[in-house]
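Next, two complexes with subunit A in common: one pairs it with subunit B, the other with subunit C.
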Partner chain A sequence: MMTGRFLARVLEKAGCACRELETPSPGFACQLEAQADEVVGLVRIIAANGFFLESISAVDRLKEKKMDGLYLFNHYEESQRLMIRIEMDRSNPVLPTISKIFPGALWYERELGEMFGIRVAGCPDTRNLLLEEDAKFHPLRKDFRGRA
Partner chain B sequence: MGAGSTVPPIIHFAQLEKVFNTARANSLWPLTFGLACCAIEMMSAAGPRFDLDRFGAGVFRATPRQADVMIVAGTVTEKMAPTVVRLYEQMPAPKWVIAMGNCAISGGPFKLDFNYNVVEGVERLIPVDVYVPGCPPRPEALVEAFLKLEEKLTGTRRFPEAPAIAREEG
Partner chain C sequence: MAEPAPNYTLDKAGEDKFTLNLGPQHPGTHGVLRVILQMDGEYIVRADPILGYGHRMQEKIAENMTYLQVMPYVCRMDYLGALSYNLAWCCAVEKLCGFEVPPRAEAVRVIATELNRISSHLLWWGAFLLDLGGFTPFLQAFADREMILDLLERITGSRLTYCYFRFGGLPSDVDEAWLAQVMEFIEGFRTRLPRYHDLVTTNVIYEHRVRNVGVILPFDAAGYGLSGPVLRGSGIGFDVRRHEPYSGYDRYDFTVPVDDMGDCMGRYNVRMEEIVQSLAIIEQAIGSIEEGPVRSKVPKILKPPEGEVAMAVETPRGQLVIHIVSDGTKKPYRVKFRVPSFANLSIFAKLARGQLLADALAVLGSMDLVIPEIDR
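What follows is the complex of A and B.
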C-alpha cells in the first residue's frame, strides 16, 4: 500500500476506504474516485486535516464520452499528495463548488467553466477567467477545432 | 508626414510642420506598456547599455495621454485587445505605433489553425507604422525602429546606417 498511515487515518474519518490503484500515478500517495455529490464533504475533511489545494483540472475522454474532474491536494508536514477523480457524463458535466472551503479554488472553477464547459454548481462567479468575456467555445475539449 | 497613423490635418503650414516634426522626431515618448517577453528587450533597450535616451525616446510615460509612441511589445490576446485599442485611443495625436516582435506582427508562433486566443497581428486592431521582426528582437532592432520612425517623420536619417557585417561568400 502506497498510502501513508496519516492519509489512511484522514480517509477513515471521511468514511472512505483506501483502495490500491491498478496503475498508481507516480508522486501521488493516493488517488480516490468519488461521486460529484461526495466532493464537498470529502474536501471539508481533507481541509480540516491540513491539506491544501494544488489545483483543479479535468480530463476529456472523448471516446468513452466521459469527463473527469481532478482535484489535487498536498500536505506540507506529512509530504503527501492526494488526487480525487470525479467521473462525469460528457454531455452534462457538473461539479460542486469548493470555493467556500478553499477561496482560491474560485479561479480554477472559472477556468474549468470556460476551458471544458463544466458547470460548477453554486459557484459565486461564473465569468470567463482567461478567455474574452463573450467566448462561448471550450478550447480544451478534445473535439475543439478552432473558433468559428 | 507628421500625422503618423492618424488622419492628417486639413491645413498644413509647411515650414512650421517641419520644425514640429524635427522636434517630435527627437522626443518620441513611448508608453510604458509591455505584453510579453519582448517587453524585457524593450526594457533592455531603455537601459544604460543600449540607452534609448540618446535618441530622445527613453522617456517612458506611465499614461497614454503623455505618450507619442505605442510599442506593442508582445502577444496581443483577445482578452487584452480591447485594452490595447483603448490605450491607443487615449493617446493624443500625432501618435505612432511600433509592432515589436513576431507576435505583434502576425501572431508569430501562435498563428495556428486551432488558435483561439491570440490576435494575429496588432494591425488588425490599430494602424502600425514600424514593424520590428524577431522573437524577440534585439534591443538594437528596437533602436533601429526609432531611427526608422524618425526617418518617417523628418524624411532624413540623422544617424549613419550600421556598417554591414562581412560574411563569407557561399
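What follows is the complex of A and C.
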C-alpha cells in the first residue's frame, strides 16, 4: 500500500467514517467508499491537507440499478491519487455540492447533472454546461440510446 | 466559493452597464468559446463562459467502441498536443492489461511527444502575441513549428492529429536518418531561440500588457485544480512527468520550470523555459536510445481484465487523467477524461472580474486553451 504522508493524515482524521479498499487499482494510491452525507466532511479534511480536485464523475451501473459518484483528488507535492466512491440509488441519485470548498467543482457538478441526471443538492448553478440549455436527456446513462 | 447562475433578464442596466457577448466566433477565444460579459464601461463586472459549441460526447463514443477504435478519437480532443493524448490512452490500456513496452519504443515516444510539446508551445507563443496585437511573432513561430511538423509527418504520417503510438509500442520504427534530422533541428532551433526573447520577452510594450495582469494566487490553484504551465506560473512546481513518471521520464535529467509571479508573464516564462527543457529531454533520449524491438506482443483482439485504472500524463496544457472502468469486454464500460483546459478555464471568471476587456483577452490567451478539449 502506497500511503504518502498527506494521505496518512487524511485517513487518520477521517477515522472509520469510510471504508478503504485493501488493494487500490493501478493509478490510485487510495480508494474510499463513503455515503453521500459523509462527502462534505471528508472533502473538508482533504482540502485542509492541501489536496486539489482532479475531477468529479460518475459510473452508471444499470444491471445493479446503482450509480456511483466518483471524486478524484491529488496532491501537488507528492502524487497520491485519492478516490472517493459514493454509491447511490439509480432512480434518485443525489450528491451534496462541494463547490463551497473547491470552487472548481461547480463545472463538474453541472456536468454530472446534465450527463447522468444526478441532483447536486445545494449547487448554486444547475444550468447545463456542455449540452444545449434546454436538453432534458442524460446521455451518459447506460439506457440512453443515441445515434452512436 | 462558487457563484449562482446569473439571470441576465433581471440585471439592471445602469448608465454605463451593459451585457457584451464575446464569441463564439472570436479570434481571442481560440475556437468556439462564448463568454457573456457584464461590463461597466471598459471594465468587466462579471464573466460567464458558455461551453459546449464543440461538444462531441467523446465519453459516450468511447463506450460504444473497442479500445483500439477509441484511439484516433482521443487524439482529436487536443489537436495541438495530440501525441500526449495518444500516449495517455496507450499507457492507460497498457497499465490495465499489464503490457510491457520495449525501451526503444518508450524513448521514441518521449522524443515524439516532446517535439509535439514544443510545436504546441510555439503555436501558443504566436497566437498569444497575436491576441496582444503583434503579427510578426506569429510568422516567426510558424517557421520553426513547420520544421517540427515535417519531422513528425515523417514518422506519424500526419501533420496535426497524430495517432502514432499503439498498445505495446509503435507500429513502425524510426530510422537513424530521422534521429539525425531531429538533432539537426535541435541545434538550429537553439541558435534561433534567443531571437524569440529579443523580439518579444524584453519588449517594453509587451511587458506592460502582461505584467501583473491576471494574477493567480497559489491558494486558488488547488481550489480550481489547475495544472500545467498555468499552475507552474503561480509558483507550484507540479509536473506529472516528475511526480508520477511514465514512459521512462524518470531516466531523463530535466528541471520543472516555475515562476512565482502568477501573472501572464509568469505563465509565458514557464512555457519558454519548458521549450528549452524539452529540447534537453529529446537530446538525452536520442543519446541513450537502444537498438531493439519497438513493439511487444499484444493480442489482436483486446479484452482487458475487469477493473479500473487511472493514468495521468502531462500534456502541453497540464495534467490529463484518463480513468477507464472495464467490465472485461472488448469495449470500455466507462471512460472519464479529466482534461487540463477544463480546470484551467474555470478560474477565468474569477480572474476577469474588475479587469479591462483587453486585459481579460490577454489572460485568456495566456491560459493556452484548446476548446475542443474542454467540450470533449
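Basically, the second predicted complex is superposed on the first by the 135 of 148 C-alpha atoms of A that agree within 3 Å, B and C clash if a C-alpha of one lies under 4 Å from a C-alpha of the other, contacts with A are read in each partner's own complex, and residues count from 1 in each chain.
By definition in this document, contacts are C-beta pairs under 8 Å (C-beta built on N, C-alpha and C of every residue); 3 or more make two chains touch, one makes a residue touch a chain.
As the structure is a computational prediction, the values presented were derived from the model and not from experiment.
Q: Which partner does A:Glu54 contact after superposing on A: first (subunit B), second (subunit C), both, neither?
A: second
Q: Quick check for you: in the superposed arrangement, does A:Glu132 touch first (subunit B), second (subunit C), both or neither?
A: In the superposition, A:Glu132 contacts both subunit B and subunit C.
Q: State whether subunit B or subunit C is in contact with more residues of subunit A in the superposed arrangement.
A: It is C that touches the greater number of subunit A residues.
Q: So, does A:Arg145 touch the first partner subunit B, the second partner subunit C, both, or neither?
A: A:Arg145 contacts subunit B only, not subunit C.
Q: Could you tell me which stretches of subunit A are touched by subunit B in one complex and by subunit C in the other?
A: 130-132, 139, 144, 146
Q: Enumerate the contact residues on subunit A facing subunit B in the complex.
A: It comes out as residues 130-132, 135, 137, 139, 144-147.
Q: Please name which positions on subunit C make contact with subunit A in the complex.
A: 1-5, 51-52, 55, 57, 59-61, 64, 92, 95-96, 221-226, 231, 236, 238, 240, 243-244, 307-312, 319, 321, 323, 325, 333-334, 336, 338, 342-343, 346-347, 350, 375-376
Q: Which bits of subunit B are touching subunit A when the two form their complex?
A: On the subunit B side, the touching residues are 78-79, 81, 113-117.
Q: Okay, in this complex, where on subunit A does subunit C touch?
A: Touch residues, subunit A against subunit C: 25-28, 47, 50-55, 57, 59-60, 70, 72, 74, 76-79, 81, 83, 97, 99-100, 102-107, 115, 123-132, 139-140, 144, 146, 148.
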